[in-house]
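Dropping a structure here in structure tokens format, bear with me for questions.
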Amino acid sequence: MVDIVTSHHSPVTSKKEVKISIRNLNIWYQDMQVIKNVNLDVEKNKVTAIIGPSGCGKSTLIKSINRMLDMIPEAEVGGTILLDGQNIYDMDETFLRKRIGMVFQMPNPFPKSIFENIAYGLKIHKMFKSKQDLYFKVEKALKQAALWDEVKDKLDKFALDLSGGQQQRLCIARCIALEPEVVLFDEPCSALDPVATVKIEELIEDLKKNYTIVIVTHNMQQAARISDYTAFLYLGNLVEFGPTQKIFTTPQNKMTEHYLTGKFG
Amino acid sequence: MNSRKVKEFVGFAILRLATFLILSALFIILYFIIIRGIKVINWQFLTHKPCEGMTSGGIFPAILGTFYLTLCAICFALPLGVAAAIYLVEYARQGRLVRIVRIGINNLAGVPSIVFGLFGLAVFVKYFGFGVSILSGGLTLGILILPVIIRASEEAILAVPNSLREASLALGATKWQTIYRIVLPNAIPGILTGSILGIGRAAGETAPILFTAVTFYSAKLPTSIFSEVQALPYHIYALMTEGTHPETQIPIAYGTALVLLFLVLGIDLLAIVIRRRARRRKW
Amino acid sequence: MKRTQKENLIKGFFCLPASLSIFFLLGIVIVLFKEGLPIFKVTSLKEFLFGKFWYPTYEPPEFGILPLILGSFLVTFGALVISVPLGVAGAIYISEVASPKIKESIKPVIELLAGIPSVVYGFFGMVIVAPQVAKIFDLAVGLNAFTASLILGIMAIPTITSISEDAISAVPKKFKEASYALGANKWETILRVILPAAGGGITTAVILGMARVYGETMTVLMVAGGAAVIPRSFFEPVRTMTATIAAEMGEAVAGSTHFYALFAIAIVLFVITLSFNILADILSQRFRKRLG
């Protein structure tokens, strides 16, 4: 067994604006503890990547941020997660999820038309004034997701007929149509080919101006390319967290170094 | 509470109410038939013949008749159904023939039961000359439950994991040896469930035996498969429609209905229990 | 070599029973047409289907089955009005709202409801429901289309509920996840994502429930009242095609025009159920493809 250092305190200093603050987070699935006392601050309008070998708890961690973990009845959460200083468990989860959007590992468009996919959340949250306004917002979201040019002539087509990469960008558009503050990406490229992956990465780069982004990835190059901060998670422990540059060039922890150099994972 | 939450609350309340209504329908039916049927049921009722123009006595011939009819139906349908399922899953390549056969099975399952009755009348009673008899009625019921048995057996055979088949074939067993020694033994619980459900269905059907097997009253018990018989479902119908003394015959009908329900639902429950046990099994 | 021959023999042996179901289906078609078509020597197809009077034993007889067709459709329609909302709502409750424990105990109950023989439903309708209907609506007799629809509605529920439940459970989890992640609550997700996605399967369920009711014999024979006239309201006695065959075949002499006419009714019955089933088949296949 290699030595596991308990979580570092966040390197984020006070003048930077913290969007999400995770404190003493512990998560159990029945008897198995999958997240162990994690402390993490996510900075506003930056990309924070969570890396680590599969099964380390990355997905669980990111799903706890928008309370998608509530869907799993046997998952038990201890500790606090604050969004702009407010405990997420004090909020209505539907409102929380409007503010914190999520893009999943597998593209999951609804079996509806392209237009209806984007309009779905807008309708749920009654975020449009008129038909034109709805159309305008759908168009805006598709443009932001760099999908508009490809689909503008076939908005009424079945969304599941799009290619995998297009489906994933549609899901991103569907998410940002709600004008969330944070977007969570759970390994968004793992089901995509390299070309589609590049497009998504460019998109994330672009979205960072307006949104706070947390991305889970098992692809270290991807983390290095697109993130500002990187958190290394191993067996439920936050082993190391800091500016991406620093983590990749001068990791403080031996575990991190081993992982980054491909000695395990 | 905001309006979205109110809508959700009301929506769920409606769903609960609907489910409650469905469940209460079953309980109301069971309640009346059990409460009123139990009064007339005793040992004599179950073991004696009807007497005094069906206004008193028991229903033994009807119980026996239903037993014979069901036995005949299952003896016909079980081997055929299991064999058909083996062919469909293990042998047939997924081509046009299988598709046509499957359409045939689906549609046979949807044919109204009275149409089976007409088929049995024209083919077994008249064309083959079996007359109104256990054999004619049993065969008609057998065709009726064939799709039930094929589907259940197919599902059971499909559920046997391929790794077991591969393991057997890799040891040099032939396909048939694999089916006979590996697949079938593992599929037995599912096949059993299917055949039990088939038995329940056959025991409760009236329309198919109306012109092929039953009689309202026969003085003697059936002596061969060519005898006509009394049957529980038809007995209820006949008491209610051809009876002349409702005040004494309706209670008998209640008793008969309870016996029939007990039989059919008991059979169904047995199937449910067996299926649950089989599902709990891990591969 | 010998071994493969044996294997082929076994394969051929099993092919026979598999094709039997087709054989029986064709057999039914042949029998119905052979025994039913002769009626058109004495009446035309148009007179048969659209004739308003069913007097098979009069002299001269009249073989118009329009009242019977309408009777069948009236009770089927009435039954669907009851069973579709209840059945689909029950299916949603079981698959989306109920806890696993409740779900496990409700499903067998629904199966038992399906297992009750139709003659018992008919009996229950005659002795319990009909007198109540007569009392509530102030009628002389409670045996009418309304009572029949009520009972048939209960009978159709298990079919509709169990097939709808399968369809709803087959909706991939990823769609639900996507909806919740966008901030929808459970009810909104059910209405806007799950039901539309399961729509094809639910339609299949409704069609199969409809086929079940439409082909039902004993219940309508006992409960619907049995008047072979064109129904004008739900509170009048009606006669369906199935009930007519069941009630009259016993008295019809083989080879008589009445006998042929009853087989001809069965042709109509068979053709309509067949189209219901084929429609359901097509829809459920499309449903599966759509969810990919």
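A, B and C are the chain letters, set down in written order, and residue numbers restart from 1 in every chain.
In this section, a residue touches a chain if its C-beta (ideal position, glycine included) is under 8 Å from a C-beta of that chain, and two chains touch if they have at least 3 such contacts.
Keep in mind that what you see is a predicted model, and the values were worked out from it rather than measured.
**Student:** Between B-C and A-C, which chain pair is linked by the larger number of C-beta contacts?
**Tutor:** B-C
**Student:** Can you tell me which chain is nearest the middle of the complex, judged by mean CA position?
**Tutor:** So the chain nearest the centre of the shown protein is C.
**Student:** Considering only mean CA positions as chain centres, point out the chain farthest from chain B.
**Tutor:** A
**Student:** Roughly how far is chain A from chain B, centre to centre by C-alpha average, rounded to an integer in Å?
**Tutor:** Roughly 54 Å separates the two chain centres.
**Student:** Averaging only over C-alpha atoms, locate the centres of chain B and chain C and give their separation in whole Å.
**Tutor:** 17
**Student:** Just how far, in Å, is the C-alpha centre of chain C from the one of chain A?
**Tutor:** Roughly 50 Å separates the two chain centres.
**Student:** Quick check on chain A: which residues sit in contact with 2+ other chains?
**Tutor:** Touching at least two other chains: 94.
**Student:** Pull out every residue in chain C that's touching 2 or more other chains.
**Tutor:** 185, 188
**Student:** Please output the residue numbers of chain B that touch at least 2 other chains, ranges allowed.
**Tutor:** 4
**Student:** Which of the residues in chain A end up touching chain C in this complex?
**Tutor:** Listed in rising order, the residues of chain A that touch chain C are 66, 68, 71, 93-98, 101-102, 104, 106, 108-112, 120-121, 123-125, 160, 171, 174-175, 178.
**Student:** For a test of understanding, state which residues of chain C touch chain B in their complex under the given definition.
**Tutor:** Touch residues, chain C against chain B: 3, 6-7, 10-11, 13-22, 24-25, 27-28, 31-32, 34-35, 85-87, 89-90, 92-94, 97-98, 106, 108-113, 115-124, 126-128, 154, 157, 161, 185-188, 190-191, 208, 211, 214-218, 221-222, 242, 245-246, 249-250, 254, 262-263, 266, 269-270, 273-274, 276-278, 281.
**Student:** Sort out for me which residues of chain C touch chain A in the complex.
**Tutor:** Going through chain C, the ones touching chain A are 172, 174-175, 177-185, 188, 192-193, 196-197, 290-292.
**Student:** Can you name the residues of chain B that touch chain C in the complex?
**Tutor:** Of all residues in chain B, those touching chain C are 4-5, 7-8, 11-12, 14-16, 18-19, 21-23, 25-26, 29, 32-33, 79-81, 83-84, 86-88, 90-92, 97, 100-101, 103-108, 110-119, 121-123, 126, 143, 146-147, 150, 174-176, 200-201, 203-207, 210-211, 233-234, 236-237, 240-241, 250, 253-254, 257, 260-261, 264-265, 267-269, 272.
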